[in-house]
Structures are given as structure tokens and as C-alpha cells.
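Chains: A, B, C and D, in written order; residue numbering restarts at 1 for each.
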């Protein structure tokens, strides 16, 4: 299981979370990543934790002021990127372009989507992974694996029908090791979470609980 | 074969094209449709021609000023709608929403896309048809079936791999009956065209030539 | 005072509202307009009521599938258009382009904005009118003139500081003749409203009450 | 005069340009800034050069995956930000929000716009500066001060008419000290440039020539 912590634009201490994630990954052997703001990528990568961008733009090098160039994210230490998060929905053509851009820059890709139909569509674009996150459950503390397990199995089936090599992650409401185990039992090979760690009083304890559920 | 004429925002006489399309369809039995500006839908539908919207919004009834409500398009006489045309690219989640909205309103749907990967993605959302239109060929007069036949067969394969019930139309550069035949030979069951009719000196003659290539 | 009824994407009977508005305008001499979906423009205009588009695109004639061409709206009977409604916010450069496009097509323009600073910005682009509508009050039934009169006077001052010839309309929560009078007393020369008429059991009665407050 | 070098998504060595800019500013006393990709902000700021973001999002702290949080840009060392560059046009309401967000984070703001009318609109939102950059001249090497001096004086007048405290910068085609002098003579107090330095064989020499024209 891959546990990926999305720091969004939260007022958390990104270095504290990054160091905790690096320690937990080292101690347990479970894969843990952190996705900070683009401006914090290099500082987070310097902690040694696996570092992901929250987004990269579809463009190549060139006249693209204000874009998030995949190569710049990679250069700052990112090794993967989220794309099309429900808080940053992209045009279909731009998801395609961003997957290509990330690949060019050597970044792993995870395309988020809302439901099994969109997961199938995302898988058709050839990313390394897709993540199903029903928007209505994000930030609720109610895990999708419990509130709506059919969405997770539906996503796993939809991705497999299009491309069996695409991993399926599961997001929305994940905060405990039990949630991670439940996600795994439904066929997910990773979890995406945010507030469960970023807003925790003790991020490291939250992470240790989460990875305890990883198989 | 379905011949769908997209009037875009061209300064053509939409009623002249609509009447010509209605006549040609009546005379030949070939299915011909016209997609005018939303403001012209009812006038075009009044000619008796099969009328398509160029776009409908993903929203349902409600507080959506400036949207193109699927039900309003249907009410004005549309029986189908294009979605995600390369001049009006949509977010993945909104293509999904617009396909659902169109279905609710009883409109047939055709989702446009640029390449086989995106065609697969579009097919995963369950539209009635997809249309492959490499943006670099739109308006060139060089048919995609000739410039890049692999894009058409790739699109047909990509759609079939995801959902065999989804029709594949072919756009970009179509202007003659031979182009229609070539598209059909590559596996397309319809063509999307615009300037070839809308900018023709004699739209009816252009249409008669086009449908002569339909099988 | 100008009373402009925005039908948004409401499931109301657009023809009933249009006929009621035409009758009330005829009977009272008060200026009343109706802004329906683009697909309903011609049907609404046929009732004889002053007809507005909810939006027009910044583009001129050309390859702009899915746009709302100003000339098509005018051709269907519109004589004015809203722009940048809070449900359809536009890029600054596109508001500029849409104001120019509307002017080319002979449409009156009203640019909506959220607060006095944005009203000043909108006025700098040279529209015929601006409308201040705090998004948090839209659809509440609490008129901005009562909930936050400073926003209205601030908008009137901000517009006048930039261009004295720009009219200021007032939206959000307007539903009675008293609200119209209050808006007028604060310096507005028009009101923008939606649900107060579109969702009324008796739209004509609602309109008669509204215009009773117009001076 | 303020000389601000926008590195866009160019494949230049951002550290080489940053160090050159820091040296030139130190040696000459002319204010020189560099605006890199967000992922490069901290590395650029570490050189000691005045560092600007290319964009910040309108949002505050919170659930905004993929945004460019103003506070994160400031935290990484930025002291200013461009907004609404012609390659990254924003909604009017978002320019307003981004100016507020930047101010909260202690960042100076420069809102770009295409023409005098939009410059007036931008000035009404209360930024520290506005920059006029006719899109058709960006990257041409033909300075706006020469190709279209009326745009610069029109922008200076439009900004002053709305708010005299707003500085006006001038962009598009600036590459030599003479261009900087010409911009200053037309009333600009800064210049925005990109390829003239970022694509120069010797960025430091290009910068030394540029600042030689600053008064």
C-alpha cells in the first residue's frame, strides 16, 4: 500500500509532516509520500521523504507564465504528481497533456476522479495510477470504503476493464489504519488523504496508525 | 453514415443551410444534421432538419446564469448535442455531467476528442458517439482520413476497447463525398464538418456531394 | 428604473413570465426586461418584451463552437446582455472582449460584479451599466439595499469615480416594490432579480408589485 | 525604475539568472527582480535577489489542492507577485481575490493587462502596480514603447485616472537599455521582460545593458 498525504493549502507545518512521514516510512518499510505546495517541494524533498506535486501543467518548456512546469517540479525534488484533484479539475485534453508532461519529466502520475465512469476515462489516458474520491466525502472523516464501498470496487473494475496495469488508489475520509485495511480489501493499492494527517495534533502518530493498516 | 454540419459562429445563413440539409436528407435518405448557435436552435429546428446543439452545460435546472441548459436546448428543438469540441474543451468531470444532463433531456450525445487515448476516455463516459478531430487539421480541407488515417482507426479501436456500443465519427478537413467514403472505410459511422458546407458558395451542392459518399 | 428579470436555468415557464413582463411594462410605462436561456431568446422576444441575453462570448464571427455569439443573440431578438454574472464569472480580458462584442452587435451591456472595487473595474471597461450583487445575498430574499446598503452606495460611488455615464443596477435579494424603491433611493437606476419573479406563484402579480416601487 | 525578469517556463538556468540579477542590482543600485517557477522560488530567493512569484491563487489557507497559496510563496522567499499575465489570464473576481491574498501574505502586486481600458480596471482593484503588455508584442523583440507608445501613455493615464498611487510598468518586447529609457520617458516606473534575459547567451550582460537605461 502507498499512503500519500496531500497537504493542500493547509496551514500545517509542512516540514514537520515531511519529517514524520520520512521516519515512519523508514521504520515500517511502508511507502509514504507527501504532496506539498509547489513552493515547498524542495524543502519537503530535502527531508528525504517521497515528494509529490499536487498538480503539473500540460505545457512543455516555453512561454507559460504561472504554469507549474513538470520539469521544474521534478527539478525541485518531486518524483510524482497528482492530477485533476476534485479541487483542481482539469479539461480532458489537459489531463492527457499533463500525464504526458509528467512522464517526460520522469514523474509518476495519479489522476483523481469522482466516480467509476470517470476513473475508466482517466485510466484510458495511461497514468500510473488513478484515485477515486467522491467529492462529497472529502474531509468528512467518513471513509469512502465504509460510506460507499461500491464506488471503490466500481473504480477498481472500471480501471481494470480499460488498463489492468493502472493502480487504483482510494481517497476521501481516510484517517485510520482500519480505513487503509478496508481500502486494501476492496482492491485499492494506495490511499490518498489530507486532513487526517495535516490537521492532526500529532501527525506522526496519525501516520503510524495509518501504516499499521497497510499490508 | 451521419453527416453533421457544425455552423460554429460562422456568419453563414443558418436557415439556408438548414433548409438545404433538410432537403438533401429527404431526397437521399441519408441522415444529415445541423448544429447552429443556441440562439438559432428553434429557427433551425423549424425547418424540419435534425437539429443539434453545439454544447450543453453539465448543470440541471437551477441558478446557472449563462449556462446552456440541456432541457432548454431540447425544448427549442434540439435532439442531440456535441460536447467537448476542441474549440470548447471541457473538464473531464463536466463532460461526464454534460453527458448525464443531455441524457436527462433526451438528447443524443457526441463527445469530441483529439486523439485515440482521449477517445477511449470519452467512450468510458457512456455517450452515444465520440468524434475524433485532430485540432491541427480542423478547417484545413485536408481530411483526417487522408492526412492521418491511423488516428481514425486508432480511435475506432480505442472506443471499441472501452464500449462497443459507442459510435465513432470522424471530423477535421472533411469536405467531399470521397472523404465521407474514406471515413466510412476506416470504421467511422459519421462525419463532423463545418467550413466545407458553412463556407461553401452553394451549401446544398456541397451537401449533395458529401452524402453521395455515404453508404 | 429598469427592472430586469433573469430566468437563469430555472424550470419556470419563460413565455408566461415574458408575457406578464410585456403586459406590466405596457400598462405602467416602467421599463421591464427578461433574460432567458439563449435557446429561448427568440421565443421570448416574440412576446414583445425587452429581451436580454444572460451572456455573450468575447469572440467575433468564426471558429468558435459552443460560444454565444453576440450577433446570434441580437439576431434572435436580444437588445441587451448581462456579462460576468456571479454564476458565470469571466476573465477580465474576456469581459473587455464581450463588452466590445456586444457593442458591435448593438446590444446594451450590464457587467455584474461582487463589490465596489470590482464595480469600479467593470465601469473602466465602458459598459452601459454595472450591477452590484454580493454573491452571498443572491437568492436569499434579503435585499442588498437592506442587508448591506453601503455596498450599493459604494458601488454607485465607485462607478461614478471611473465613468459618470455608467448606470448602476442593484441585485441580490430584490423581491418587492419596497426593495426597488430602496435601491433607487441608494442611487441605483435599475434592479436585477431572478427567483422573486421566476419562482413566484403569480409572476405577473410579483412584477406589478415590483414596478409599483419604481419611480 | 524596476527591472523585473519573468522566467516563465523557460529552460534557462534560473540560478544563473538569479545570481546575475543579484550582482547587477548590487553593483548599480537599480532595483532588479526575478520571477521563477513556484517550485524554484526558494532556490532563487537564496541567491539574495528580489524574488517574485509568477502568480498566486485567490484562496486563503484551506482545501485548495494545486493552488499557489500566497503564504507559501512568501514563505519560500517571494516578496511580490505578478497576476493576470496574458499567459495566465484570471477572472475579474479572482484578480480581486489574488490581490487581497497577496496583500495578506505581505507580497507586492503587479496586475498585467492588455490595453489601457483593462489597465484602468486593474488599477481599480488596488494593486501596487499594473503592467501593460499588448499580447501581440510579447516575445517579439519590438518594444511596446516603440511599436505602440500610445498604449503606454494611455495605460499611464488610465491608471492615474483611477488611482494615482498605482505604479505602471511596461512590458512586451523590452530587451535593451534604450527600451528601458523609452519606457521611463513615457511614464512607466518599471519594465517587465522575459526572453531578452532568459534566452540571452549572457544574461548578466543583457541585464547590465538593461539597467544602463534605468534612471
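Simple rule for what comes next: contacts are C-beta pairs under 8 Å (C-beta built on N, C-alpha and C of every residue); 3 or more make two chains touch, one makes a residue touch a chain.
Quick caveat, the model's predicted, so the values are computed rather than measured.
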*If you walk from chain to touching chain, how few steps can bring you from chain A to chain C?*
2
*From chain C, the most remote chain by mean C-alpha position*: A
_Same vs different contact residues, chain B with chain C, by half of numbers used_ = same
*Identify, among B-C, A-D or A-B, the interface equivalent of C-D, where equivalent means over half of the contact pairs coincide by residue number.*
A-B
*Which integer distance in Å separates the CA centroid of chain A from that of chain B?*
36
*Centre-to-centre distance between chain D and chain A (centres being mean Cα positions), rounded to whole Å*: 33
*Using mean CA coordinates as chain centres, what's the chain B-chain D distance in Å?*
43
*What are the residues of chain C that contact at least two other chains?*
86
*Pairs of chains satisfying the touch condition*: A-B, A-D, B-C, C-D
_Can you tell me which positions in chain B touch chain A when the two form their complex?_
84, 86, 89-96, 113-115, 117-118, 120-126, 158, 161-162
*Give every residue of chain C touching chain B within the complex, in rising order.*
6, 8-11, 37-43, 53-55, 57, 59-69, 71-73, 75-76, 78, 82, 85-88, 138-139, 194-195
